[in-house]
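Letters are used for the chains, namely A, B, C and D, taken in the order the chains are written, and counting of residues starts over at 1 for each.
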Amino acid sequence: MIDKSVASVTDAVAGIEDGSTVMIGGFGRAGQPVELIDALIATGAKDLTIVNNNAGNGDTGLAALLAAGQVTKIVCSFPRQSDSWVFDGLYRDGKIELELVPQGNLAERIRAAGAGIGAFFSPTGVGTQLAEGKETREIDGRTYALEYPIKADYALISAYRADRWGNLVYRETARNFGPIMATAAATTVVQVDAMAELGSIDPEHVVTPGIFVDRVVPVGERRWVKDGVFLGGVDIEGRSLADKEVAS
Amino acid sequence: MIDKSVASVTDAVAGIEDGSTVMIGGFGRAGQPVELIDALIATGAKDLTIVNNNAGNGDTGLAALLAAGQVTKIVCSFPRQSDSWVFDGLYRDGKIELELVPQGNLAERIRAAGAGIGAFFSPTGVGTQLAEGKETREIDGRTYALEYPIKADYALISAYRADRWGNLVYRETARNFGPIMATAAATTVVQVDAMAELGSIDPEHVVTPGIFVDRVVPVGERRWVKDGVFLGGVDIEGRSLADKEVAS
Amino acid sequence: MTELTRISRQDLAARIAADIREGSFVNLGIGAPTLVANYLPADEEIILHTENGLLGMGPKPEEGRIDPDLINAGKQPVTALDGAAYFHHADSFGMMRGGHLDVCVLGAFQVAQNGDLANWSTGAPGAIPAVGGAMDLAIGAKDVYVMTDLLTKQGESKLVAACSYPLTGVGCVTRVYTDHAVFDVTADGFRVRETFGDNTAAQLEELTGLTLQGE
Amino acid sequence: MTELTRISRQDLAARIAADIREGSFVNLGIGAPTLVANYLPADEEIILHTENGLLGMGPKPEEGRIDPDLINAGKQPVTALDGAAYFHHADSFGMMRGGHLDVCVLGAFQVAQNGDLANWSTGAPGAIPAVGGAMDLAIGAKDVYVMTDLLTKQGESKLVAACSYPLTGVGCVTRVYTDHAVFDVTADGFRVRETFGDNTAAQLEELTGLTLQGE
């Protein structure tokens, strides 16, 4: 019997070594696999190269991983945000390397790695600083720059449900980079709210087939969902509005 | 109000001119938009270039279009089948041009056209007759050949349900080339079994978003499905077993 | 020089909204362009795209109904309309890069008369660079509209002969909506499409220092 | 020369099935390789891929339950197991090209000692060419197994120093299962992995005309 579920987030991130390249899903906080990132912090693995759209928000999740000094380089499209103070400080101090990639090229380069494409000509960024030094070519009247795949040793992503074969479905815009990162890493690790019985996910609705998934760990439902029903009652960072009123 | 549904298959294929490139969905018979093809035959448009995985089966659908003498060139991966006598005859008589493309390159080239990729390096076919004359390059220890997008003036595809915005879901392996051809044509025309109310297709389950769809025409349920429930009772070509027993 | 007419940001958003036809697929960039959504006619269906994976984006949720999984590219809470569709980032940017969006509306630091756009970086030393989807949006729609004040706070024209700031995209802008006037980008440079109030092409030439094609 | 042991096509399919580990993702090529499915252990989960858009392919349907929308790459009716997933052709071939399949099993006209495969065309003049997914499959799995008779009907070896037929893929085959023996493709040419009956490496060298590495 195939069962890709593992018992703990610690088991889920086992084997991530110093110097690994790790893709981390999410767009801002949506789809960010916070529990897996916390487990990665606990491993103490260092000299990591991280691939994510952003470079962390606030002091939790990816920002906490950066704060722990475990990341040497980040490949992303949008590091600078109102709450990216952890990255900002490291960058200004020269303690982290940044490879800035336009968001669509980032996504397509990840997809290319997963789909066995050696390189592709993209129109995005042509004529800008971010394509400087890249090979360009005019094809059918338009100029393109050559872009190479981005692959990883590990992908850590967040999905909504998985079955034991690793088939995944996502929730709303938390889908974002998960489906493509899952294809581009040697080992893909997924946190889900809960497991689903094999056969309970309609084959028409599977977004990431299990072939791309190595390990799955259930971490409990998001605070704003109960038994799959959206409840509301949180702020955009997922903090309970009730707690907030008490705190303020 | 947006309503992409049209009243008839005749309206659906309106505007296809002599010399057009037309993608036709389907893998063998599965997903082949037979009613749209029949409407295309009725237009009499000629000198067509057809992009399909195959080159027609039996005497209906794509085979009938070929038999009508409307096709000058076909771009496909697998023309020769046990029941491809129409194509076979035209090819042997030198009456049709064939561009043979490995199936994965065919799919990826169609996807590239839809996704704005200028060209891509593929490992498929390298070192074979089908990559002769193509630019090759070694990247990261592997040799690739450069492949260009395939786009079309029209795509004719078959889906299961559409809403009036053109959002599509498919049925089983009849999905095949539909989702990528929909992205690669200037005008995408879809036949569906039936329309669905806007909002009745879960946004998580949409396979082709309406942005890729121009016209939708309902043609009635497949013979082996009633109200969305699979009935069986047909052979692999979709002919009723009951009819067959009567005929034999 | 007499004081020129300047319309408000809200009026400018309404002006842009008036040019978007029913059935269009539209991406509204982060910042001021998001205001355009407030002026789209309620009785017409215009489908909003957000590049983090949603077509059919609806307005912000009611108080207490914020869903952190359902956000726009600016990471603000949104809703999904009937007829919406979710998809992953490669599919989303394929939509843009493949030219399937009808319109995107973007902010700008500068627009050059050949349609070059600069809106992602001022190139200031020490600034932390961030591009996001700006370069994909710039080349990712049939019509790329810019929404901006004509002048910077320092009074310099944002319409320029050639951008001095780092480029976002080359020759990609089709029209510029400013607080003073609307300009089309043509093969011969900017053409004044519409002026607000009594503003004249001559006044706009003085402000921008550019030769402008007439209305 | 004494008569060599030849195992049946069914036994060969069973022999291949025995080498496929639980949890593997496997594509079985059109023709003889599809027989392998009949010998996969019923108590183990092995996930079959068909390149027309399905993982978790099940056996052929019962009489009267044929679904023309649910077919394999050979266009035969199949079923979908619990845990199956449908996807479109670009995603399906991305799976293959990206190296995500563990095993594919293919037929062959010829396999060269450097792993070159010829299985799509005999190059006969006047023949109508058709390649389908053959070239994608050839380069599309971690292990590419060939299932074939060792000799053609004319008695010529299908294992060759260099393919004379048009190639399907370069250096892509990892192992060849024949009716006489099983061969691994190594940097030094074919290595005899296993012989059937009393067949010896010397006899196989005589049949193939090749220098073979020992077991």
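Definition applied: a residue touches a chain if its C-beta (ideal position, glycine included) is under 8 Å from a C-beta of that chain, and two chains touch if they have at least 3 such contacts.
None of the values given here were measured: they were computed from a predicted structure.
Q: Taking a step as a move to a touching chain, how many steps at least join chain A to chain C?
A: When the steps are counted carefully, the minimum from chain A to chain C is 1.
Q: Listed by label, which chains are in contact with chain C and with chain D?
A: Joint contacts, listed by label: A, B.
Q: Return the distance between the CA-based centres of chain B and chain C, expressed in whole Å.
A: Distance between chain centres, rounded to whole Å: 36 Å.
Q: Provide the C-alpha centroid distance between chain B and chain D, rounded to the nearest whole angstrom.
A: Using C-alpha averages as centres, the distance is 28 Å.
Q: Note the residues in chain A that touch 2 or more other chains, in rising order.
A: Counting only residues that touch two or more other chains, chain A contributes 108, 111, 115-117, 122-123, 170-172, 203-204, 207.
Q: Give me the residues of chain D that touch two or more other chains.
A: If we look for residues of chain D contacting two or more partner chains, we find 54, 80, 86-87, 90, 93-94, 96-97, 140.
Q: Determine the shape of the graph in which chains are vertices and touching pairs are edges (line, ring, star, complete, other).
A: Other.
Q: Touching pairs of chains, all of them, please.
A: Every touching chain pair, ordered by label, is A-B, A-C, A-D, B-C, B-D.
Q: For the complex, give me every residue of chain B touching chain A.
A: 108, 112, 115-123, 137, 139-140, 142, 144, 148, 169-172, 203-205, 207
Q: For the complex, give me every residue of chain A touching chain C.
A: 27-31, 53, 77-81, 87-88, 91-92, 98, 100-108, 110-111, 122-130, 143, 170-180, 207, 222, 224, 230, 232-238, 241
Q: For the complex, which residues does chain D have touching chain A?
A: 22-23, 25, 45, 47, 49, 54-56, 80, 82-87, 90, 93-101, 140
Q: Under the stated contact criterion, what part of chain A meets chain D in this complex?
A: Residue positions touching the partner: 1-2, 111, 113-117, 163-165, 167, 183, 198-199, 203-204, 206, 209-212.
Q: Could you list, by residue number, the parts of chain D that touch chain B in their complex?
A: Per the touch definition, chain D meets chain B at residues 50-54, 61, 64-71, 75-77, 80, 86-90, 92-94, 96-97, 116, 121, 126, 128-136, 139-140, 166-170.
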